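Each chain carries a letter (A, B and C) given by its place in the written order, and its residues are counted from 1.
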């Protein structure tokens, strides 16, 4: 793999339509390695859709996606104009780990099996190697003693931390977080944010869709404010939170921070 | 784990053990075949002796042993019908030509015949159980493939699966059975029994059984397909997304994540399907096989005895209860994580 | 839009065809209730015109019938040449049908053939029909529970094999080690089951509900032989070159009679008289010649 790329992830003019509804309008974003980006904005702004289109859970209508400066996908009017070969695409997709709002742990597998599943099945790694790594990761998220439990026995916060460990087990270069704390009881949010913060400190490239303004302010290198399918404003946390330029950003922040 | 099991079911286990011990004692006390037949009257004995040197034998000797009780009948055919019946139980031999003895003898004989004891594997309760379990097994396998085909994004595959399901659910099993057994070999010029060794006297039954199993499995596959499909589609979409985000391909996602989770949701419906097939198994009368229902019906028409339905019902209930228990265990095993 | 039109047309066609079916059914029902089946009568007339249709003066005043003026007949249609459906699939024809129709005419009655399964056919006497005329063998066991007319045909047990089969079968004992098909609960079944249960021969018996299944199995090669009434064997050999009679057992002849309720002696007497008249007129002989050949006598 070449390390001589400028951007680890880049989108150009990404648009997404559901029928006549335009969810994403011409979004361009460049992410450097090690950057932590938080995407905020009102619900229905297209934040999650944008995040999910980065790792192909959603199909974009048009636009280009680059990974490590390589053209990963180019679509126009719902047709694929150009893309990497399937195997290469798959390989690059593995560089992105994803954490979902609703955890999506595999309920029929124990915590340890959840973490080990993909490396063993997808990367064909040896079971003992993976298990050793998985135990380290579980320790890192503070759940060592839960490795034999089924997810249904865990609290939401614990489940989300397992989900993070599961994504990390694939050794991704980028982590995508899709509102990771929105489904949690307030008292459980802190543990998850702590893990994410520690992860950011290790230099992981992260893109987080979040409603936790405190977290965004403290951890993010860059904050994007999305509304109606466009990036309405972008800047450092300082710029966005203390001196937002766009009126909509101001209204949104006022509404969120007041409550 | 094991000790827990014993603790939970201690009363039941003791009860079963006591019944078992009593049965073993009774079985040991049961008079032997020779003892039963030694009661044969002199006239009958004369007939038996005459048979030894005759090419057309006239005496039918029936001996049915059912673990704790046994029954023997000696009868002749022809103009002057003679018949003697005995029941052996707990060390004694009883006459069974009338009254309670006759009733007990009939019950033993009917049960023995419906269980298919002393017959080949493709007979009576053995046939019913064998056909039903194999049908469900193949039906679920075929149904899973059909379900995957039906929910597949490949239009042609999906259409084909839908057509298959439509066809097999939309036509009666009896006609499908006729087609597989009579029409297909007629058209393609082969015989089902030729699939088996020509020197095997039972090839004719094995051939019919094979045809029955194919027809039943093809039919059950269509029903199971819908069961599997609805189970798969009841799995949270997030499971597919998580698998995809982790880089699993479709086959890996299905076999490792989705289907294992679907199993538990299928079990109640598969259990229903099992009971349906158990009853439908009587359709094999159409291709000359005899299951429990067919045998009981035959006994009823040939002997005019309506009592035959008592053991028939009991046998069915025992089978249903046993397999209900098994399905329950499978369901529990697959839902430990909930 | 197009789809809608198609759907409407389909619905209309469906409704029309249902209505049509409904009306034909009604007509058929009425015909069966009141008149002798046309097809059966036509065939009877084809076969012979010696005695059929000639009225008689047999006294039936003491006879109790399920419905006045109609002789209801239970019959398992599907046992050629005794009874089978004509090519139209609804008209019963055959030797039994001709005989019972002629008997009823002698008695001044109309015939209503009620197609019923062989299983439990005797339980239907005096419940669903007055008599059973369905190739019923007169046996001592059956005589305990029902009355029979005088026999109207003699029958033997025959072993039928494929025409190109070169097996030598000179007695039932030669069936040792073979697989045979036969119709369930028939004389053939009783006989061969007895051969098996007494240990005379080791034979694999394949018992079917319908005799037609036996011949399909023979043709498909599932079984080696069919054991069946000689009268039935005749019918099959007449209509197909694929089969031949390998052995005819003349040692244990059996006779077919019309079965009726045990107490229905008036009807029994009337039917016996009708059969006697038909015999004297040569009707039975000619009908037999028409339906059977070779093996069967009367």
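Everything that follows uses one rule, which is that contacts are C-beta pairs under 8 Å (C-beta built on N, C-alpha and C of every residue); 3 or more make two chains touch, one makes a residue touch a chain.
Fair warning: this is a prediction, and the values are worked out from it, not measured in the lab.
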Arrangement of touching chains [line / ring / star / complete / other]: line
Chain with minimal offset from the mean of all protein Cα atoms: B
Most distant chain from subunit A by Cα centroid: C
Subunit A and subunit C, separation of their C-alpha mean positions in angstrom: 81
Geometric centre distance via CA averages, subunit C-subunit B, whole Å: 34
Between subunit B and subunit A, distance of the C-alpha-averaged centres to the nearest whole Å: 55
Shared-contact residues (touching 2 or more other chains) in subunit B: none
Subunit C residues within the subunit B interface of the complex: 119-120, 172-173, 177, 179, 181, 184-185, 190, 194-195, 197-200, 202, 204, 206-209, 213, 216-217, 219-223
Complex contact set, residues of subunit A against subunit B: 55-57, 90, 93-94, 96-98, 100, 102-109, 117-118, 121-123, 150-152, 166-167, 170
In the complex, subunit B residues that touch subunit C: 51, 55-62, 77, 182, 185-186, 190-194, 201-205, 207-208, 285-288, 290, 297-298, 301-302
Subunit B to subunit A touching residues, read off their complex: 236, 238-239, 241-242, 244-248, 252, 256-257, 260-261, 334, 336-338
